[in-house]
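To start, I am sharing the structure in question, which I have written as structure tokens.
Chain IDs A, B, C, D, E, F, G and H follow the sequence of writing; residue 1 opens each chain.
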Amino acid sequence: MTRYRIIFSGSGGQGLVSAAIILAETAVMHENLEAVQSQSYGAAARGGATRADVIISDGPINLPKVFQPGILICMTQEAYNKFSNLIRPGGLLIVDSKFVKTTQRVDARQVELPLHQTVMDEIGNPVVLNICVLGALIGMCGIVKKSSIEKTLAEKFPPAFMAGNQMALDIGFEMGFEHAE
Amino acid sequence: MGKNIAFVQGNEACALGAMYAGLDFYAGYPITPSTEIAETLAVKLPAAGKKFIQMEDEISSMCAIIGASLTGNKVMTATSGPGFSLMQEALGYAVMTEIPCVVVNVQRGGPSTGNPTHVSQGDVNQARWGTHGDHSIVALTASNHQDVFRMTVEAFNIAETYRTPVILLFDETVGHMREKLVIPKEGSIPLVQRLRTSVKEGVNYHPYLPREDGRLPMSDFGGAHRYNVTGLYHDMWGFPTDKPEVVQELLKHLIDKIENNAHKITFHRSYYLEDARTVLISYGSAARSALSAVEQLRNRGQRIGLLELNTIWPFPAQLVRESTRGVNLVGVVEMNVGQLTQMVKLAVGKPKKVSLINRVDCQMITDKDIKKVLRVLQGRGV
Amino acid sequence: MAKKKLKEHIINRDWCKGCGICVAMCPKNVLELDQEEKAVAVRIQDCIVCQLCEQICPDLAIEVVIEESSAKGEPEAKDD
Amino acid sequence: MDVKHYLRERFFPHIWCAGCGHGIVLNALIRAVDELQIKKKEMVMVSGIGCSSRISGYVDFHSLHTLHGRALAFATGVKMGKPELNVIVPMGDGDALAIGGNHFIHAARRNINITAMVMNNRTYGMTGGQYSPLSGIGIKATTAPYTNIDRDFDTVELATAAGATFVARTTVYHVKQLQDFLKKAIQHNGFSMVEILTQCPTYFGRKNKKGSAVDMLQSFKDGTVPIGSDKKKENPELIERGIFVDKELPEYCQAYERIVEIATGR
Amino acid sequence: MGKNIAFVQGNEACALGAMYAGLDFYAGYPITPSTEIAETLAVKLPAAGKKFIQMEDEISSMCAIIGASLTGNKVMTATSGPGFSLMQEALGYAVMTEIPCVVVNVQRGGPSTGNPTHVSQGDVNQARWGTHGDHSIVALTASNHQDVFRMTVEAFNIAETYRTPVILLFDETVGHMREKLVIPKEGSIPLVQRLRTSVKEGVNYHPYLPREDGRLPMSDFGGAHRYNVTGLYHDMWGFPTDKPEVVQELLKHLIDKIENNAHKITFHRSYYLEDARTVLISYGSAARSALSAVEQLRNRGQRIGLLELNTIWPFPAQLVRESTRGVNLVGVVEMNVGQLTQMVKLAVGKPKKVSLINRVDCQMITDKDIKKVLRVLQGRGV
Amino acid sequence: MDVKHYLRERFFPHIWCAGCGHGIVLNALIRAVDELQIKKKEMVMVSGIGCSSRISGYVDFHSLHTLHGRALAFATGVKMGKPELNVIVPMGDGDALAIGGNHFIHAARRNINITAMVMNNRTYGMTGGQYSPLSGIGIKATTAPYTNIDRDFDTVELATAAGATFVARTTVYHVKQLQDFLKKAIQHNGFSMVEILTQCPTYFGRKNKKGSAVDMLQSFKDGTVPIGSDKKKENPELIERGIFVDKELPEYCQAYERIVEIATGR
Amino acid sequence: MTRYRIIFSGSGGQGLVSAAIILAETAVMHENLEAVQSQSYGAAARGGATRADVIISDGPINLPKVFQPGILICMTQEAYNKFSNLIRPGGLLIVDSKFVKTTQRVDARQVELPLHQTVMDEIGNPVVLNICVLGALIGMCGIVKKSSIEKTLAEKFPPAFMAGNQMALDIGFEMGFEHAE
Amino acid sequence: MAKKKLKEHIINRDWCKGCGICVAMCPKNVLELDQEEKAVAVRIQDCIVCQLCEQICPDLAIEVVIEESSAKGEPEAKDD
């Protein structure tokens, strides 16, 4: 039984909860997997660091929260400071190189990607950053097929958004794929 | 994969279950962590030609659904702790007047405003005793979206069958998390439609004279029969009385119609109970962790099982008694100070066999937490 | 509208609580309270069939019955 | 007219005290309904708790006797649940404006087609004569033994400010006007409010030395004037009777129909 | 006979007790059968230069007394069933914020508007569990005016000592009946004054940091210390937090300060318990009939006794256990469907020994009723 | 002035979203208090629940963060309990006028010396953007996906009709006026109400395409006029700013003092 | 231990609850006895027959309600019809001869007194009828001393009422005394 | 009142959330958001010390410090 335990973390406006939902929804709707998604709510969410948890598995999932993520994505310094110590030994830590200075030493593979920079350079609109993150994640780790993500995006967004999303997904996927093990 | 699969929050699953059950009218007031139920229904109900209204508060929401139910609608409201406290007076009115309605309480940390965005199961006893006066009540719960959906449908069925408010006692974790929901085909969960009187216009209709089987056929407001509804003790026509024999009979009826049918409205799931020497009893999101713990311990050879309750009130004493017969240790896993544990103790009869395994810091109890306490209870230290 | 003609005052003695409102309000002083504190029409001949007593009786105990011929007529509007 | 056609006779004589104005309101209401020729099965009375609220039990309509202060909230459910019904909500001043004040202003704001009758006897009759938000300064009550310091609402102004589209005031002395206003209120398409000054001789009257029920009725004659009367200028204490607001604005249930049309793409 | 004797209603006795205890501020909304408490205080409080206000409803009454308590006043409100249901949200706020206050519920027939002018003891479990979330609560009761007075004074003492709302759970019979009250001399019942902080202005004051003994010294609003009060889980400064360890510690504190002091706040009366083989347990007006029955049966030679509880919550389990040790039969006499009987069963440990002797038609249970049931329970037929 | 003197710095940066108008209200409030030279220990803030209600936690006054809608009821107890304190009650539009509507009208009616600030962002911010009784027809909200059919209250009219003796309205754009009105309201001896139009860019703004916080601020400039402005005649949609009511009537706690005098025979 | 169980019954305006209270209060305040008084409330009280119960004893009283009155006073026909069957065998039933036609046969001594008539004839004001009833009761049965009742009346009523009350009490007492056994 | 003279803008970068309100409202366009989306005073010389930025900042992050000499002066009232 494969089981992915992923935390997306960053700040409120970055759309990381959406990214988490898209990922989990794709697993369930298009890959016949089980997935559970949850997130932090409330004052914690309005101010400081957001966090969205995703567990994906080919068998039933009982616990809905991630305690030790195998994959941790940090899109702000604050998120990195708060969550990086949670990571499972030998896990994967993805950070945006613009926002995060990786200071802590963690027993995990740390990958720093210039996601924000690239999105701004090539698309010029930060709203698709979250899709780019998603692209990088699946480029690096698989989890679900890129085409499945595309299906979900097509279902959830109006056609006008498709081009931007697709570009962001592709950019992210490529950057991630380079770091795939 | 067809359209019958959805990836949704528990709150959405509840809203979808209500739509499936034939919800006609929803009134509510937003409150974390139940708001998504209203938000989903604000989209779905008008699109189905049905009614959605956001009221000025929880009190009026509860009152409005009772009013709408009387005109022949299937009705629901949803709230959380503070709002549920405010609904208690009108909830008692629905009990007394026997108006079918469904009240969702997605539990958060209490008391008071407490911890609005975190999980708790602290309202279990309030669901039972929150309104003043003797009475009985039905409360259902669920640990996963499939059951959230199903229990929501059953809540409507029970409300209509027994003419009673039914409480759906979910919790923040289940309400907010997203997971798969397979939406049952139309007809695959039987729906109970309201029993309406067959008494013809002009013939005497007794709105509060129970049939032999205890059921009370209704007549919609606006329909053939004009009668009175009151929260005072009332006679078979629905008119106020304080005659001792009528008072006593009505109270007994209100209680018996629930308690005597407990077996028909007891929903549960059993896991590995057959040969279990240790039985966990749990419900709501806590049951997810309990199941996880049970499966891990089974893998290590322990004879442990789980009884997951979907019906909390009327408390399924018989089921609990039967499921724990001959067992050495009963652990009640809940996220409160042991509210249902007391009922389990009374049901099991040997209070010392029963232990509470809980967490009260508004964090989800984990498999680890449970295993740790079990080790101690089994005398194996920490 | 045809002038209405009185047939009788039907006063429901079980309902009347003897508040005396009809007695005081009747413009023609037709009514009185009897020994048992119930309203009775004592000066029937003075009655102008304004029906105020009927309409203001808080116990709904008075019916001013009008002669058949004009019974269907609208009650006269009266107000200040 | 046959009054008894509209009454549940077996509950008479009613529970109200001798001379209580609530009976006059009942009397006027059934006459209004009779004149409008509304079928009894199309009428719903929704009331709260109080002496006044008992009115709903006496009429042979669909009747819903609810909780203190909450009648308009229940009524909102009834009306939205079946918009074709005529929904009337009789309330005491405490019921409507003390505990029930919030539902009062919100029902008015939504302009839902309900008729609210505020039977204002300036006291809590049912519980034995405490002061209400309509008692006014200087009044005596069991809970104001040294006289009341609570200012009173102007029900008409409050209903108007809250958004009611039909607002009227009269008294139980003015039975014809009362019938007339009730008819207009019931016919009005939107939230209508009729304030009815009425007497509680038992508590308000006794505590405040207002004399008999007849004296109190008389005081409604002497203490009120039609809207715009010159007398009011001379004596500002006089209370105006009449229709203060009567306007058409989208009714709530009808507006909801539009939402359904949008949502269903009809 | 001097002025220290009065012939009054129970509700007046309660009002007089409150005045004796030093009540500064009362807010309420009338409701049968508790209104006379307000009516008495409307006379007494202004005459003592203290505050009386009739609010717009029960919710605001409960809120107003909490606000007034924070400015350093001893406060109270009084209501009955429906009003008590409405107060539940704010009652939980007082629990969470640890604001001393006294809430009287003169019980009438429920559920809903029920039977406003008749007696019942149906709100016992609501007093315990009516507000949402885990918590503990104190509830006292009495069967006669002397005890009504005394328990009212003790309610203030407990409220001030433990910084908690205290519920006075009287009933219509006791509230409305008149009997003799001997008003204790000033000083003969010790009064607890609010514990105020000794922390000086300018020095850090922690409003929610319990002392070693669990008590929390207060600082009046308007005084030297400016701090925050919130119904959210909060830290020692009174500021919101959802830190799990702080949440758990606060909840434990709220519960422990009551439960661990249960012995100090358990009031009761025992009659003929020494050699009793049958023990009746009762409270409130029901205890009057129970005592009457016990005395009659004693006269006929039965070894029967009565334990009258004045403290209902925290449930005096230890007292009940000790008073029923070695007893054959425990009869719980109450005017509800057995709300306290459950607690007695748990306390006694042998549920089968415990029987309910009750009446639920909103009529006062009589000595005859009790004797009749006892005969049956003792196997002696009707 | 030293803003931080009035703040509980350790809770900053505050929890409000970037551009949320609630912070501007906080900013204005402490300036008003500073100019009035009221001692911090004489100030009490009593709030309910909502984003707006969090304001009470940020000021270094006595602060009481209560239940949704009930702040004015708690405040009534505080004020009567110690009338010498200055009691300010900040409320969101939902807090003040949805669930809290009854306490709002009753506090106004009693004319108790409390200052109510209604921070009107036309939505329930805290719970994520549902419609409120001040949203108005045609607005979109999470619970009004097909547009809102609920009419809105006119807060000024409602407060006036309920009996408030100081009633004003301004916006967070007009910071100087805001400070001024708050000062006057605090100084007023009686119930004072200041409605403050403020922006929730996160929910109301986003749902209704109102642009950035700056755009929303700008709309307060363009969408409002001083009372009596001619522009209002041309464009009735414009909202008036200014002091609508300012009158002296007996204040509740002072009236109560008179009752004590009567009762004690002083 | 002597124990009097008395029910005063009649209609709302007759002041019988007051009479009951005065009697019980007198017993407690001026005769060192125990007394419990209770009454019917609510719709029953507003409309139909009022009822006030008094128990007076020289020992403690547990039950606050009277189930079988030794003395029953009925001041209206309705009250008589409703309560006369409650009376204790051998008890005393006092009725006002103007309002009540004694129809039922009860195992009790029935005394019909023209209380209302006499009050109207001699005082002309029905508000003191209740005091007259009280006078008749103690004239007939003792229970408490007349002078004690007078003390209570003096305590509870303003001086202006004293003369009327005294007259009514005297009249009643005399009428009652004639029937004392 | 003496014309006020600017000493400096103290901008609390920890509190500033970069909403841009001060930038937009400043009548003299003195302020800008920097790379990290924090307000900075870039055209100090243009500042007329109206203190609007200070008073409208929702994060209470700006203090406009005035030269000592005039520091005690009342801030200029400004409104439309």
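Basically, contacts are C-beta pairs under 8 Å (C-beta built on N, C-alpha and C of every residue); 3 or more make two chains touch, one makes a residue touch a chain.
Here the structure is a predicted model, which is why all the values come from computation and not from measurement.
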Partner chains that chain C and chain H have in common: none
Reference chain F; chain at largest CA-centroid distance: G
Chain F-chain H separation of Cα centroids, rounded to whole Å: 26
Chain A-chain C separation of Cα centroids, rounded to whole Å: 85
Centroid distance [mean C-alpha coordinates] between chain G and chain C, Å: 39
Contacts with 2+ other chains: residues of chain D: 13, 16-17, 67, 98-99, 101-102, 106, 133, 146, 150, 256, 259, 262-263
Sequence positions of chain C contacting 2 or more other chains: none
Chain A residues counted as touching two or more neighbouring chains: 42-44
Residues of chain C that touch chain D when the two form their complex: 14-21, 23-25, 52, 55-61, 63, 77-80
Residues of chain D that touch chain F when the two form their complex: 98-99, 101-102, 105-106, 109-111, 133, 137, 146-147, 149-154, 157-158, 160-163, 249-250, 252, 255-256, 258-259, 262-263
Footprint of chain B on chain D - complex, ascending: 8, 11, 40-42, 44, 46, 56-57, 60-67, 70, 73-82, 84-85, 102-103, 106, 256, 259-260, 262-264
Complex contact set, residues of chain E against chain F: 24-25, 27, 43, 46-49, 51, 53, 55-57, 59-61, 63-73, 75, 89-90, 93, 220-224, 226-232, 239-240
Touch list for chain D against partner chain E, complex: 49, 67-69, 98-99, 101, 124, 126-128, 130-131, 133, 142-146, 150
